[in-house]
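Inspection log for the structure reproduced underneath, given as structure tokens.
Lettered A, B and C in written order, each chain numbered from 1.
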């Protein structure tokens, strides 16, 4: 099938319309929260706080910046592994994330920070907006190389909306704990993206097969993404946890889980190759599964060894997924998952939800202290008569809601994206930057005879 | 014209002389400030502070590190887009910044931290030194590829000096607010650099034209620079703001402005290409203009929607500049602006100054609170009888002073750099690393037949 | 000599055995420390602390993340300069570090955080684990390209163990101060690695000579590593210093030393080339020596000019080392030091130890204040009757202990690694990713005629 990929009017109009709408909505709805407002001086006085350090900014900002790097450099570069899709991987990720964070500030704001007629934003909202967009970046991984930037903007518009609804159901209605977003971000994002790519199935995608692989340098660029995701994941899982021990514990658990995950990913990658060689795809992706899978439980009393076990299992499951499941999904279920997000976010997300539910069920006042337990799970106010096992059940319910939202939402959005006028590339032009980007000429002489220009400089 | 580009004695002597001078001046003048001195224990007691957290280090250090990354990785890699100038982009930027921060610690120290015969340095001085060097990195973008490292060191020496004088006039004499440096850093840096490159005009630069463009991988390296600048810009604009709400607000405003800027940059980039394709130059540069343009007003009550509007406008202005203005400046005004800094720092800097002046003029006690207003603009002490409109006028005056300093300074420094013995490259050797760098041999076999070496490994 | 490099069973079994052992040991020994435990709410009350900010997390976490980036991106990418060893540089560094941090948490925990039958981990343990692994990354630089991942895991196992013993002797028995690890990390790591590579001497390594150099893009990847190391080194040297002024001062001193080091490295690099050209190897490595050499003294009253002098000297020494000493060591002493770690970590580490000893000797109550002196060197408790000169002597003793441990340990570990069944590459296959990695096919057409695919996209 051949579509018109000239986006000259469609992309600019989409961007400008969305941005104008955002400006108007921000003008009507968005204000600073009390910690970012000049009246904070008075707030501080009322709260008898003597230190500027009590501003939420200082509790969250370093974590926010780490999360920010994960979204833009982490996800952006992780996807540059394709030999001819680096511009699009980084560039489209940049575009959709820049749009997504604005829209997420509004959507999440209406659900969680809306009072007195305004959305009040502070640093925690910025983190949550990045989180929400993280879920879109996950889904982007499934359709990478096969969609136009216009489609991505539309997908972002809908996915952020659905994410916010799902998050509201989980966090506010079901009172689920999910600080690192195993359910809200990873499970939802992955199964949403997989459903979309299933709807967008391209029977002749094999025509682009020769570009659906890496070259030497593209794999190194991808490792930049991998490492920044891996290193900053402790910040991701701890960024919105309660002050103090919860944030501290979430970072430790994530650090442990990720470390264990590297070793089992390497082990499996080598064991599954007939000559024992490692595969860059596994190192780039499966090593991160441990971070996904402690997303829910990281702030709980998972214990360091518990985290290691989770990472241990996920490195294995994820690598096995890349070797056996992804080809199966493509061949049998017609799910073309470019980055293998099912292995990195899908299965580990589900594992994370289960680990979270179990860990929550096991919570008790011995381990947490009486006050600690109340604080960790909000067992006060209207939840006074809850107990840990109830919390565990609601956690499990959260998983099913997320999966249902992802599947239903993914089908609807997939059908919208299937419409033929969004500028998607033809099957033989997938995974190719040249469709949407002005490409640099590769000066033959420089590539073939680099020493020519090296030797030329005239030095008198 | 042909110059001697062998720097064997000139570069080492320049570096060593400068560094020896710095050692001596540091020995005579530089001491730790009270928060970095072991007597801080006593200071703390005197101030009745019970918490180590009150040390300025904890308020500023995370922001400092983000700014540091922007200067060295951000600016350094942003300029690697040229196909044969990656070593020089990153390496010379590294060199000039490493010299510049030391010299800036002294110059800014004499103006702002000098008492009891010593310059007292702490983390805020480190940030300000990085800021000052940021202005040199901006100017470097205009002359990139056409100057020798000796010229860059000399330019840095003078520009840091002029920057500090200008900054002193603005911040201390005119009492201008410019936390993110729209005027002091970007406007000054850009017009200084443009004036220098105008003086250094090379009529035969077209002889190097084939190297004044990107190749595929060099554009990806440049995106590393772009993204780290983009992500950490909220830290840049908030790094030296007042503790608490001001720092918090500056980060939020910058985040918003940058996000909006991405969408309008993409929109214009596509709209201005006859096939609607995106141009990497715009994505790498114009997307950052929103950060420049909220530099002055970020800590003020610009409001989130105000920030979006600023970003919206700057993405458009900047992209238009790349498409229409840069070629015009080169053809008509003989300004050869390698990186298009006029579009990324020049015009957005002026916009930022204007936005700042207008936002300051509109300040009032309703919006800021009485105490908040006094704190935000220093309307106490000798400024007690100032009002917002007066502040606005002084802000505007600051812009003109910056422009004047940049033009006059740029002419003088340009003339100095035009002297024929600094080792500058010939017109046909511009944008070429081989002039100043020992180049690796590109083993023909590896480039052409990489599979050869891949297949070779002997496995018994 | 030819070994079997098929790691299909050896690597997976090694990884899985180690990871299972770690899980068990963590289960038996590792618990959260009081700041990461939910009972912290009670701890806080007992300590009359009103602010969550007093949690150690907020004092150390931003520094921890910077150190984390240095270990994984900094060291990982620094070593990608080799043309055909990028996967292994980044990937094996990732593997050994992920294993090493877990093992270090245990080893260091038993020595320093073991009480009531458990190791109690918090953010400071995470930093120290990263530090310990930093020492392994240093040693990795010496054997880079010549060992298998199995050898690296075994080396890590032993080196982390020895590191922890050495660190315990220095910090706990000799009461040495070494916040940035000039002795414990750099000197120990470098001479350990050099001894190992000396034992593993390969007489026919010249057969791989054509791959033991950079290509254009690999040098740019390496600069990513260099810059992240350089930028975050102030965090490295200050990460575990005392709260407040010590941490603050350590960052300032490191910043100064590194800046000076860049200028003298550039000066020497140019002066030692017959045409005055710069060598990327020096810019990538020697510029960092200043950070190594203030590791011990950074938190002391070294003064900013003292730091500049240290950086000044190290830039010179390190560059001279690359030009003259490394070839000499290889030719005469049979020490094949792939990355030149002797120049970057060995000599600067010794210089750092000496600078630390001298600076400590000169400490007095005038400079530090009475309380400051006691706090800085722990001159209270059983060290009450110590004085500065005694501290200096113990510092010097620490250097000799570190060197002795490195040499003895390196010989033993080298002999173990020399056993012929670890899957090491043949001499003619060193510095080659294809031995251990599944390599991407380089599609001839794309490399040679990139414009083909550029022109293809069908646009109706």
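Structural remarks
Note that contacts are C-beta pairs under 8 Å (C-beta built on N, C-alpha and C of every residue); 3 or more make two chains touch, one makes a residue touch a chain.
Chain labels with UniProt names: A, B, C = Ammonium transporter Rh type C.
Keep in mind it's a predicted model, so treat the numbers as computed, not measured.
Mostly differing positions are employed by subunit A and subunit C in their mutual contact, as under half of the interface residue numbers are shared between these two copies.
If you lay the C-alpha trace of subunit B over that of subunit C, the rotation comes to 120 degrees, to the nearest 5. Between the Cα centres of subunit A and subunit C there is a gap of 31 Å.
Residue positions 6, 51, 53, 58, 62, 216-217, 224, 275, 439, 441-442, 447-448, 450, 459 of subunit A each touch two or more of the other chains. Chain contact summary for the complex, subunit A toward subunit B: residues 6-13, 15-16, 18-20, 22-23, 26-27, 30-32, 35-42, 44, 51-53, 55-58, 61-62, 65, 68-69, 72-73, 76-77, 80, 86-87, 90-91, 94-95, 98-99, 101-102, 105, 121-123, 126, 149, 216-217, 221, 224, 275, 436-443, 446-448, 450-451, 453-460.
Across the complex, subunit B is touched by residues 2-6, 51, 53-54, 58-59, 62-63, 66, 83-84, 210-211, 213-217, 219-220, 223-224, 227-228, 230-232, 234-235, 243-249, 251-252, 255-256, 258-264, 266-268, 270-271, 273-280, 283, 287, 301, 303-305, 308-309, 312, 367-369, 371-373, 375-376, 425-426, 428-429, 432, 434-435, 439, 441-442, 447-448, 450, 459 of subunit C.
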